[in-house]
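Chain IDs A, B, C and D follow the sequence of writing; residue 1 opens each chain.
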Amino acid sequence: MADLSVKIGGLQMKNPVMTASGTFGYGEEYADFIDISQIGGIIVKGTTLAHREGNPYPRMAETPSGMLNCVGLQNKGVDYFIQNIYPRIKDIQTNMIVNVSGACVDDYVATAEKINELPNIPAIELNISCPNVKQGGMAFGTTCAGAESVVSAVRKVYKKTLIVKLSPNVTNIAEIALSAEAAGADSVSLINTLMGMAIDAERMKPVLSTVTGGLSGPCVKPVALRMVWQVAKAVKIPVVGLGGIMNATDAIEFFLAGASAIQIGTANFIDPAVTLKVVAGINEYLDRHGFSSVKEIVGALKV
Amino acid sequence: MADLSVKIGGLQMKNPVMTASGTFGYGEEYADFIDISQIGGIIVKGTTLAHREGNPYPRMAETPSGMLNCVGLQNKGVDYFIQNIYPRIKDIQTNMIVNVSGACVDDYVATAEKINELPNIPAIELNISCPNVKQGGMAFGTTCAGAESVVSAVRKVYKKTLIVKLSPNVTNIAEIALSAEAAGADSVSLINTLMGMAIDAERMKPVLSTVTGGLSGPCVKPVALRMVWQVAKAVKIPVVGLGGIMNATDAIEFFLAGASAIQIGTANFIDPAVTLKVVAGINEYLDRHGFSSVKEIVGALKV
Amino acid sequence: MKKHIVDLKVVSNEKLGDKHILMKLTSDAQLPEMRPGQFAEVRVDNSSTTFLRRPISIHFVDRVKNELDLLIQLVGDGTRKLATLKAGDTVNVVLPLGNGFSDPQPQQKSLLLVGGGVGVAPLLDLGSYLKSKGYQPTFLLGARSAKDLLQIAAFEKVGRVLVTTEDGSCGEKGFVTNHSVLKNEQFDKIYTCGPTPMMKAVAAFAAQNAIDCEVSLENKMACGLGACLCCVTETKEGHKCVCSDGPVFNIKDLTWQI
Amino acid sequence: MKKHIVDLKVVSNEKLGDKHILMKLTSDAQLPEMRPGQFAEVRVDNSSTTFLRRPISIHFVDRVKNELDLLIQLVGDGTRKLATLKAGDTVNVVLPLGNGFSDPQPQQKSLLLVGGGVGVAPLLDLGSYLKSKGYQPTFLLGARSAKDLLQIAAFEKVGRVLVTTEDGSCGEKGFVTNHSVLKNEQFDKIYTCGPTPMMKAVAAFAAQNAIDCEVSLENKMACGLGACLCCVTETKEGHKCVCSDGPVFNIKDLTWQI
């Protein structure tokens, strides 16, 4: 049994497997299938200052080895989260992390400030890369100045572990990561979804209500691996890798590319029990290759 | 039988189906399977001023619904092309188009100048987006200034149809397209490959000799469709769409998104006869939907 | 009701016409508890084009034989791939998902179950359940033509079956909402599943006659668990997930213009 | 030689041990002309993980039965999927691809065919061809252990078969290059296919003894037609495609350090 524990900023995790925001609800949705407390960390869905209805239906399109979504951060707002959801999930014995989004810097700050007060939320993931909202979202994640402005503002009010989720829809993701690091991020997670589009040829219409949406699933894994590799070489803070991870082998690839921890997203839709299978598979790989800790293979790619 | 003919700048094509550079050799490789003269246009492989050996083996990695390559523009140089290859292919009764690459502006210009002299080459595709070469290549395709510099320089010496192939590895591809248009491009083709990476977890090594490579195949189609949609709305010149087209339905989706013509690349590897099946399928779709010309569905997406 | 991920064995996979299949599944273990109106997410293996599971409503559960029947319309690559499964093959299923139909209120005695197309699927399980509770459900089933009617014999075993076809080739000619029974008889509750236009027409009839009415919606889904929020429908309380808040909704909670 | 895209029917698909299959294919039409050493690109259907065709060398062609035999090592998802094909199934194949082995020169009388592992595959077709031309080919086949030897009986029908195994469980103990026949007999030409280290050892032996030698290479391929330039190998004239310039190369054209 290898040591699977990892540390992301001040965040101590029993293993490096987290769930990606928006793919695992608040964890409860999967409790019938697995003991969710055995997951290293659960990132609950995108939370904003005010209630958001999200985008109209249809919000999903199946694509080759993946899917597009345009949910658009549907959530009941941070106050509802604090009053109604937090009490339900605060005693789940793993790291419950909140993904925070906003339309402007003040929104991000106000939301982060409120979540900072919740004792059982040890970290937030700052989403500066949602492709499915009109203002804010990805806008902050596609320029160094935008990233710097929102991360430094949130850093001032948020005292615990601050993970910044980066957009892959950029020319140079390492630059954005460096800006987030300079602005005080404890970690960066990547990749959020690639902006894509699906068309119904027979009806001559877009499949999604918003025309474009975010692409996820194994189809994006090669791009995600490349970006994790580029960012891990550029920054000093730990990198959380995600993008199309379906099994333990995929996860190992992200560690080798430089990720200190990984997130599983779309795969939860195909196998609701995949997270703990990945945890077991990582341990099996480490034992088989004679590693005593997962930390030993982070960035260990032989080039 | 609908009218499949389209015009790209001065380039008259019997149908809107072309082959993507680097996936169809010089056409001859596929002549046993189909009458290649029935293809709307054949874009032969990337040609540079000097001979290039390309990158070391291994150059290919299979990925979910796609593949990565890092060939690196292996070719014998433009003079060899003019003396040894052009005479063999110049009488193929379709548009034989040369894809031109370079490490610096002067290389692009010198190569384009030489090809400008070949009577049976009606157009070139300027590749400012190859992810697999150290200098030049993608560098010119990721900034407006870079695109403007190389396109305007080539425009001065190249008198026939000038298509500029764009990189998807950018924050705002419409901007780059507008720069190419302003610099005198007759058309833009997109997308070139997405920069990706594959890792052999068991050997803890990258699969490709160059670590990263270019991703193609159906996995990139949603991203390609989105970018064609964005570019077609931004520019006035015709757009040539490519990226994961495997069949006629995929091709129709690109027309609806705004492409005036399409290219088939990776699909040629799975079905060497796919090009003419797509031509037939486009015609079947147009007839079934009561369109008399493919031009009627270009950008006809109902949003 | 506890959700399970189970590998089920195909007992038979019968083609019904050219657009539907009836897949009978069993398990060495006892099949999980399920309610009428709930559904299953079926994994599609060995497909180069299908990535996500396919949500399929529970058509019938035979507790004696320990068999689960799925009535599946062949709409795309995924369902066509399911049609290639043979007896003895294994299929991975997540179930039971969503909330089923609700029991009738004490004062609700005469029950009408209205189905169209493959939408009849959940009504067989519902009707059997209601019958077991002592009700005598009436099925009103609509289709384009006689040949498009599904599982009529099975429905007749459970209750009275009324039919409408658009071409009049079976039962009364027209749509389900044109059927004479709606004029001649009084119903206390209507359960319906089928094409949206049909359900809206049924809902309109129910609303006009102040009849309690539940509809089973079918939206494009990814997770089936209420996690991804892709399959939402408009309700008076805003967007709700068809997979976890539904698929059954009372029409009084929806925002349909009826 | 003209290339074809053909749907072939599986006659049989036999498991050889746990790592290989012998797939016999036929066609209603006459099988295309093929040369020993050429290969086929086999499409892998119904796979969620395999996107590209799989290059498989031609193992044997029976013109009387109009059958093509493929000897396939199970290395990944693609080949394992091919192993699930059953008699009567159809498989789409592009063939013949590449250049085969060249005929011996007039003065080349004694021919040695050296194979290791699944690399023995093309040598059966080559040996049969040479035998039909009046030669008496000698096969030198190596494997880890007796159980890893493939198709020995088939080879014995064609010519003399010498064997080496690393554990000595069959034939002489050691590698093919340790076999006594290399000391005791004189060969005019050597054809070899197998693991790269083995081929390099054989090539070194041939070079030291000034014996003409052809090797069949196996690189990762996409198109198989010389279009994508993914499968290149270093030659004295620079990068060449294993698929279209090979897979057979004369060692004097390669840059191997031997």
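Everything below uses one rule, namely that a contact is a pair of C-beta atoms (placed from the backbone, for glycine too) under 8 Å apart; a residue touches a chain by one contact, two chains touch by 3 or more.
Because the structure is predicted, anything quoted here is derived from the model rather than measured.
Distance between chain centres (mean CA atoms), subunit C to subunit D: 56 Å. Computed from the mean C-alpha positions, the centre of subunit A lies at a distance of 34 Å from the centre of subunit B.
Here the spacing of subunit A and subunit D, counted between their Cα centres, is 48 Å. Rounded to whole angstrom, the centroid-to-centroid distance between subunit A and subunit C, based on C-alpha atoms, equals 36 Å.
Multi-chain contact residues of subunit A (touching two or more other chains): 63-66, 217.
Residue numbers of subunit C whose C-beta contacts span two or more other chains: 48, 50-51.
In terms of inter-chain touching, the protein chains here make up one closed cycle, each touching precisely two others. Contacting chain pairs in the structure are A-B, A-C, B-D, C-D.
Residues 2-5, 43, 49-53, 94, 219-234, 238-239, 244 of subunit C are the ones touching subunit A in the complex.
Contact residues on subunit D toward subunit C in their complex (touch as defined above): 45-48, 50-51.
The part of subunit B that touches subunit D in the complex is made up of residues 22-25, 29-30, 32-33, 45, 53-54, 57-60, 62-67, 69, 71, 74, 217, 266, 268-273. Put simply, subunit B touches subunit A in their complex at residues 61, 63-66, 68, 142-143, 169-171, 194-199, 201, 203-206, 211-212, 215, 217-223, 225-226, 229, 244, 249, 252-253, 256-257, 285, 297, 300-303.
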